[in-house]
Amino acid sequence: MVLLSFVFTAVLFFSLRSSGSVSATVTLFNWISIGGMNIPFAFLIDHLSLTMMLIITGVGALIHIYSIGYMHDDERVNSFFAQMNLFTFSMLLLVMGANYLVLFIGWEGVGLCSYLLIGFWFKNPAFNYAARKAFVMNRIGDLGFILGIILIFFTFKTVTFSEVFTQASTLSSGTTAITLITLFLLIGALGKSAQIPLFTWLPDAMAGPTPVSALIHAATMVTAGIYMIARSSILYNLAPITLNIIIIIGSATAIMAAITGLKQNDIKKVLAYSTVSQLGYMFIALGLGAYSTAVFHLTTHAFFKALLFLGAGSVIHAMSGEQDIRKMGGLRKKMPLTYFTFLAATLAISGIPPFSGFFSKDLILNQAFEHSILIYILALAGALLTCFYMFRLLYLVFFGDQRLDGAHPHESPGVMTIPLMILAVLSVFGGFLNIPSLFGGNSNFSTFLQTAVFSKTTEGLSMTTEIVLTLVPLSLISLVILFAYRTFVKKAVIPASDEASMSWIGKIIFNKFYFDEIYIFAFEKPFGFLSGFLFHKVENTVLDPAVDGIGKATSRLGSLIRKLQQGNMSFYLFAMVAGILLFIVFILIV
Amino acid sequence: MSALIFTTVLGIILLYLGLTKNKTILSPVAITGLLITLILSLKDWGLDSKYFHDMIIFDNFSIAFNVSMIIITIIIFLFGIDYYQRMELHVAEQYALMIFALTGAFLMTSFSNLIMLFLGIEILSIPLYILAGGKKASFRSNEASFKYFMLGSFATAFFLFGIALVYGASATFYLPEIKIYLAQFHGNLPPMVMIGLLFIVIGVAFKVAVAPFHFWSPDVYEGAPTLVTAFMATVVKTAGFAAFYRLLCMGLLPLPVPLEKALWVMTGLSLLIGNLAALRQTNFKRLFAYSAIAHSGFIMLAMLSQHDTSASVLLYYTFVYSLATVPLFIIFILVKRASNGLETLYIFQGLYKKKPWIAVFTTILLVSLAGIPPTAGFMAKYQVFVLSISQGYLAISIFAILMAVVGVYYYFFVVREIYTESDHLHPIVVSKLNAGIIILCGIAVVVLGIFVWKLPI
Amino acid sequence: MTFLFYMLSAIMIISALLVVFSTNPINSVIYLIICFIAMAGHYILLNAQFLAVVHIIVYTGAIMVLFLFVIMLLNLNKAIIPQKSQLTRISAVVTGGLFFLVVLAATRQTFEIHPRYPFTGDIGLVKEVGKALFHEFLLPFEMSSVLFISAMVGAVMFGKKDN
Amino acid sequence: MKEISSAIQIIPLDSYIMLSVALFSIGLMGVLFRRNIIAVLMCLELMFNSANLLLTAFSSYHSDPAGQVFVFFIMIVAAAEVAVGLSIVVMMKRNVESVDINLLNRLKW
């Protein structure tokens, strides 16, 4: 089904290309007309939505094929596919909607499917809790989003994209209304795209089946926020304050999630934090006004992150459900296909040329450099951290000796590896869609998006700066890879369990070499501390409780109101009379 | 008018059929009768007929509401075939009383004289007092009945006193004449009239369970037999709001400012109390009682944002709400039977395992009540918000949206239970007819949400 | 005339208070009957002869007898039920008093109510009331039969002893 | 007869309003005051009747029979309500052997 829709999308893509038109709007029917408002139920097909549709259907189809193998012995496989399809439908609705309301319906739909899919294995109460957490956090974001839509309606008297944007372009930059609208929309995007402070649901959401994590929490749903901001690029261009906030949030998220990822030992958690971090990257790009770059990174990220998740799924499958990377190792020989595809994805996410991640990440870094050196350094640091934990993951899982007794890892069946290989090819070559002029390309992808997304124009960097900016990260990244290799392969350092960490560190100091000491003093300790701090303190004691706290406060108020209902008739009568008396006084005074 | 006469006759016919001690024919007769009433009602469409010195006016507004209430009652009766199978005594009386209550509801949607409003409310209420106590041996049912009766009469006393005060000033019971009388004050009403109007409004607000006059509803909903609760939560609420709208927006426009402010306070309180108290409920019926209070808040929001489309939004909201609520109560009864009469939310555990399709449609209905697209519940809420915002009530709308978000949470308590495993495996028996009703309502909710956004008035 | 008004009012208020404060329900019923008779006197003063008669028949004749009947039936003719707590009773009195003051303050005539029609003395006669009842108010009159039948059904349903 | 029928012309309308409000408040107080359900019902009757009295006074003042017809309907409804209320009381008494309003507290929270 999804494959079929991919074919349809591809046909649509080429027909739109050949017809040479920029966008097409399909109005199904006139939907709402109330209170002086007209909303058609319409779809908008332009280059942006086509790109998104290609990603959703393409990656989605591969993941569906993969799931046939992955879920084949689950008893509720039918409902799984039903929910996955519902998700794909909602996601398409989201990107194809021609006004904010249709977008919102898709938005809610993916939230709902996400809830169902995270809690798919509902027998485990923790999973149920994770599902609910995701849902609640998303609802907080949705609240901001719907307020944004309402404000849009309030300001422009319409919610159709084209009309809003036409009217908005006549407004001057920095108007309060626009700033408010963009801020509210941003809150929605923060929830859906898992940014600070609403990101904590995403790592927990890994409770769902791995294909779900791949489809929803890596490739598609979390990018909805990016898509929405890119779609509203005209509005955001008019709100410099919001853009700055986006940059701050994006870089903070990118760094923080990367640091947290350093110490995670669950294979999916590592990937989850890396997703959050990469989304932070996209937000930086958005904040810089480089919307097409953000969408480009979104595209490449969809390829390699889906691949990573599916690879992880394949590993978990092979290890019969084990997710702790400390217990893996030496899988390179047993699962060569998975290994090579995983390697390709890791190289891509680390930004090694000519893998896809290199092009998109490089573009973001360049643009960050243009904007401010500070953001550049932050982004670069994030990239290095990403590189480190990804190779740590790779080495721990695939190199060294097998550490789990009694497991007999085996390569996954063809129905699972074929999607892996296709995605690997995409991860490797996906970057060629948008070769910058430095390498003799002509930025096809950005040009393609230009009709739908209105990036801020930049003057461009000189050739030499660009070369330097390409080489510096590259050399640093190679260093980091080498370092990780020495630590995890040569020295075979295995991260200790959380409880034993202090005594373990003591032992290491006496036994290991120079590199290890550097690792411990310069890296392990501060970052370990920071990582632990971010994870345990910030995330667990500040952000989570803050979000939970709102819930708790409301529910406490709820108990209070409930206590009023004492069941005693006299009390009800008294309450009624008191109410009436107060209303009389109120009426007479007002 | 012929519909009104026919329903009263139908009630009496049902009473006589009760003498034959044959329960099986009651439901078919009642449903056929209601279908005839439906047709008779629709025949009056567009005529704006006035009867008996303008005592009642059957305009499109009242006919639309009547039709929606008849449809909901038919759904309830369809389920009644199964429900009353287990009951030995007084089955015919219960059917007849519901029909009589429906007659009262008709009067409430079409009155144009305060005496008809008063009689309508009473004809609706007295059968309900009795129906609430339908399980004679159960003390909970008795208590529900008495609480409803006591507080209801108390509210009626205020209502009457209010009518007396308004009559004293204006010397008439006719709404149009009262409107003309009030217009001469240019919004600066003397306190006596103001208090009279307030008392009248309180009398109606009590019937639709608007906070702070909601205290009866959780207790009565819980204690009353479940099918009666379903009737109360849907038909009574619809009728109450139709009457409310007729009173305020047709009779009193422009609303006196203090009264309007008082109504806004009630709206805010209902939203707050309904949604927050529902968060802590573990009893399904109480949960629905509080959520009904919350929905009253939303409907009030639509009503107070006076616009040409208010009536249509009101109709859409109440109909969609009823359409989702009745099947949920039906499912609740079926599940309750399978778990020895427990009423907590936990009894829904394992529903997905036992009846996957029913579980899916239950989810759809709950999702609709929670107001998540693409269901009709979302469209209804959305229309309310659009209406209130376009009329400039931004602050309260945002508050209502916040509360709607809270609302999602407690409906998903039930959803969570449905998809949770359970150890007790009593089979849930769902007859084909009941499954049909549930599925049909589920589909209707989705179809309405996607394609039909406005019901004709 | 004025004397009569004050006389009846005093009887009414005092007996109404006694209804509330007497502990024995039988006494309450008796005081309520006195109160209603005084009210019938008011109706006559107000020229509503028809109402005065109906009031006596319906209230003292039917409703109060029903009360008495139920009290006898349920054997409640002693003050067996304890009073509410002191605090509740005081707050009840305070609430009632407050309500009286507030509503009184609001309903005091600060504006002129104009009589709708020129004064006639016979609107309360059976003839006039009957005309209005069977002409203008025919529909409510007919609909109240539905009310009665449902009340009757209810009373039978509840009162009957099921085996 | 002539003398009596002109009461409303001599006694100010205000007095009647005051009287009705007083009666209503006493009824309200009684509803809150009493624990015996039957006594509470009687106090409710007081409240209804105060509305009746007020309507009649206004009706006479306006010389409009509609108010008195309304009173007639209120009496009808009051009779019906009392019948239903007392039958509920009888049913309850059968179940719990008491007519104490404070016993009605099983449905709560």
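Every chain is named by a letter (A, B, C and D) in the order it is written, and numbering of its residues begins at 1.
Everything below uses one rule, namely that a residue touches a chain if its C-beta (ideal position, glycine included) is under 8 Å from a C-beta of that chain, and two chains touch if they have at least 3 such contacts.
The model shown is predicted, which means the values in this text are computed figures rather than measured ones.
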| item | value |
| --- | --- |
| Selected interface, C-D versus B-D, where C-beta contact pairs are more numerous | C-D |
| Separation of mean Cα positions, chain D and chain B [Å, integer] | 28 |
| Chain centre separation in whole Å, for chain D relative to chain C (CA means) | 4 |
| Between chain A and chain D, centroid-to-centroid distance (C-alpha), Å | 67 |
| Inter-chain centre distance, chain B versus chain C - centres from mean C-alpha coordinates, in Å | 31 |
| Residues of chain C engaged with two or more neighbouring chains | 84, 88, 91-92, 95, 99, 103, 105-109, 113, 115-116, 136-137, 140, 144, 147, 151, 154, 157-158 |
| For chain D, residues that touch 2 or more chains besides their own | 13, 17, 24, 27-28, 31-32, 57, 59, 61-62, 64, 66, 69, 73, 77, 80-81, 84, 88-89, 91, 102, 104, 106-109 |
| Multi-chain contact sites of chain A, meaning residues that touch two or more partners | 562, 565, 567, 569-570, 573-574, 577, 580, 584, 588 |
| Category of the chain touch graph - line, ring, star, complete, other | complete |
| Residue ranges of chain D touching chain C (in the complex, touch as defined) | 2-11, 13-19, 21-30, 32-36, 38-39, 41-43, 45-46, 49, 52-53, 56-57, 59-66, 68-69, 71-73, 75-84, 86-91, 93-94, 98-100, 102 |
| Residues on chain D engaged by chain A in the complex (per definition of touch) | 28, 31-32, 101-102, 104-109 |
| Footprint of chain B on chain A - complex, ascending | 29, 31-37, 79, 101, 104-105, 108-109, 112, 115, 119, 122-123, 128, 132, 135-136, 139-140, 142-143, 146-147, 150, 153-154, 551, 554-555, 557-559, 561-562, 565, 567, 569, 571-573, 575-576, 579-580, 583-584, 586-588, 590 |
| Contacting residues of chain D [partner chain B, same complex] | 13, 17, 20, 24, 27, 31, 37, 40, 44, 47-48, 50-51, 54-55, 57-59, 61-62, 64, 66-67, 69-70, 73-74, 77, 80-81, 84-85, 88-89, 91-92, 95-96, 104, 106-109 |
| Of chain C, residues touching chain D in the complex | 1-2, 4-5, 9, 12-13, 16-17, 19-21, 25, 28-29, 32, 35-36, 39, 42-48, 50-51, 54-55, 58-59, 62-63, 66-67, 70-71, 73-74, 76, 81-84, 88-89, 91-93, 95-97, 99-100, 103-104, 107-109, 113, 115-121, 123-124, 128-129, 131-133, 136-137, 140, 144, 147-148, 151-152, 154-155, 157-159, 161 |
